[in-house]
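A, B, C and D label the chains in the order they appear, each numbered from 1.
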């Protein structure tokens, strides 16, 4: 089991006439990921906010209406993750005919994952590999090997087709490309917004992270196509079709933002079964 | 009230090793739209099929696994639509902060409605109009007036940005552009797959139709940006973020398709309150 | 030496108020390609036309102003091509610093060859190969192997980035992609409009053809990335940055076109040194 | 007549193994624009450089091969411009059939001016305006009014279709959009690289400028679609199909660049006929 301490500080300056925020900064509550304790502080005492459950009660969306002036959110929590660990060889793909209906949407193209345009390429490249977890893994590794991580090379309109052409991007772009390639061969894949435990400090301070889950067998398995973090230490905030759905902050109104300050630490305590996240050959799922 | 008779015949030739189909050909069952009777015949007696409810039990997805050979579906039904009719002047927009969470996704960009790229244009063009139903109507009319309907001018990858550039398309393209422009000013808008009652025969035989619903007040209102049908006679099959979600048929496998044969007729019977669909100044909603 | 007999018939129906045509249907006159005899017939006796030399007096542009009514052009000629044949191992690339100024434009991006977007991909894929003819050949073969020829899969707006994504197209698309990849590693490459001697009849009747020339050593060498014709039998009509420059017919006005009827035949006569075009391991240039 | 003093300093740090530069920093020598005196200093005494004439001997391309280390170019010159000033009402458009062949390329699409995709929009918007200078002017003003100038909103891959969608950009983007719209209605238009005399200091320090020339009557007329400078004081460096052709510096090799330092001053001396550039209702041409 993995125990994480997560601390977050978000700072904004809101101009007239105020602004509405939708945050996905709370860890999801899944069968495998549990919030042991948490605390949220909002600096504007009169700000109107509430938390709404989404996606089958698993995700938590914080809606907040702020008045003009400075706004700071401080959130900290303790999270336990008991990963579902499976031998990759035991994980089959699911024929389209047997996909649950709520999973089906994840084989369709979306704003940043235009899988419809990549079908021939993906079929040529991955269509004839043996089906199963290893095929999703092959797509993940292809993206890792063919795209270079470089800050400030993409923008809010950059999508999978751009990244496939230009072969450069940040974690979000790697995720979009892997998702698009999976969908193009009918593997359901979704975007995960989370945190980047174990990321190389040379890439910058700790940050939110974007990665991928692929539906195989009877659940969603985790992949990190940018290969910048340790999957076992990645904490899920929210999932969606792509980054359009699950930005950590969606803001309506005139706002200046400071970079988020994030700290995630893993607690090691063998007696209680808490071990540090490590790279593992097993397939990982948080439910 | 409107009573419609709807008949549909879909014909395919399925090659080895068979194919999986997802159909949205059943009318949705909403508070305003009711199926009085229906009958479905599938020509392959051993084909495996089932109907699953989606989108809050409102839509019906027919999943079908066909073996190789000819496949014909015949469906007919009688539908009653009791439109919610409202004076446009009474319909307010809903501030983002008060949008229901399940409506929120419809202000985000999607595969064919890249509203993120149109924000400045939409804001310049429509941002300063008085809020309310008339603003959505203004967007609808702008699309009608600035895009020309022409068959075979778009493909499965054509999206709203292409239509805004090239100013030509079919009903699906009109719908995508209107949706993208609405979302760009934070008006929730969704894609509707339905039928084209009242369409000009010069545009071709009766067909499936694509149109738009915009969320205002406390419900979804209907718009026909291609202006090719009579909204009061349009029957809703399914709604989604865009055409990627609600194709009338999504097919996995080697299949040749014949054009769909559709017939929709309105029944007039004043004694029972059934009148023919007409153009109306009222805002229409089917729930 | 190769001797070709070339016959062409183009048929149009011109509507009111007439139309202007620019044709590139005459073989270029280069150091290696010579027109022994030719004859042009224009069905409208009062049509106003002239032939202008372009591109250093090498190409011939036929400008024609037609009145409403049917218009037919018949052109036939006999062409001798004495290819410059070189051992590929002897052909060096030219450093950018030593490129002639009139060649330089062919390393810049153009409408259908957006080399600027492919620089990282091309550099990763081909940047580290040994310089010389074999590198251009490697690009040509990569395009052949990774793109599938299929009629009616592209349109007048399809460009290299689309073909790199979608991996399907016709000869023009193969040419654009190869050109873009060459330019992305600073190899000057240009688009050639010509004829498709030796094309597989299963691809359709004889037709105009699009292929590529790459500047190396001190001249332009010929490549056929769609691999559909026999390069030694391909006759050059015109060259340009991409298809935008050298369409065989550019038409201004309301015109209906019939498919071009083309016949190209090679004459074998060992005594006169005329042999049939064959595939050859030598590099070919027509000057 | 306008007399300008032009001073330029360009600074680079060249890394191993050196770099090749192509500069368009010398004023063009045209019938109307004359360089009275000039001086170029290159800081690397052993750098290999030469100036080549292009575009009918009118433009001057400075080719320079630099070794590793710092590189500074200082250029200063005195330029006399005797504009061709014409009453706009006297300037006709030229029918395509009568366009000179070397002008024809400027109605074809190019990398950043995809006029082929804008034909219907341009025809709807401008196709029915009276032909002549005022139609080009109408396009120029439409671009001014519908696009907002904002620094750092575009990149090296931004093209006219992006600017038409997103309605924001810098002078280069305004120029590309105006050019694309002109070509879409068969008005020949080209990209000019020059300097921004009279630009509002709030937009930044004096800089290179991008504007447009449209071919009408028997010459090229000047337009400033970003409306940021005084056309009479704009000095032409080079013209091309779009920015791909005439960057002020095209660099091959590992180089860090400082922002260019530019100073342009107009000399007033009524006795010698030198007056300050002003906005004028006349059409301007520099030949």
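In this section, a contact is a pair of C-beta atoms (placed from the backbone, for glycine too) under 8 Å apart; a residue touches a chain by one contact, two chains touch by 3 or more.
Each chain and its UniProt protein: A, B, C, D = Transglutaminase family protein.
Predicted model only: the values in this text are computed from it and were never measured.
Shared contact partners of chain A and chain B do not exist in this assembly.
Averaging Cα coordinates per chain places chain A and chain C 48 Å apart. Separating the centre of chain A from that of chain D, both taken as means of CA atoms, is a distance of 45 Å. For chain C, the set of residues touching two or more other chains reads 117.
If touching chains are joined by edges, the resulting network of the protein chains shown is one closed cycle, each chain touching exactly two neighbours. Contact between chains, using the touch rule, shows up for A-B, A-C, B-D, C-D. Against chain B, the residues of chain A that register as touching in their complex are 20, 22, 52, 54, 61, 63, 65, 95-97, 101, 104-105, 108-111, 113-114, 116-117, 156-157, 186, 241, 244-245, 252.
Residue ranges on chain C touching chain A, taken from their complex, read 117-118, 120-121, 124, 146, 148, 161, 164-168.
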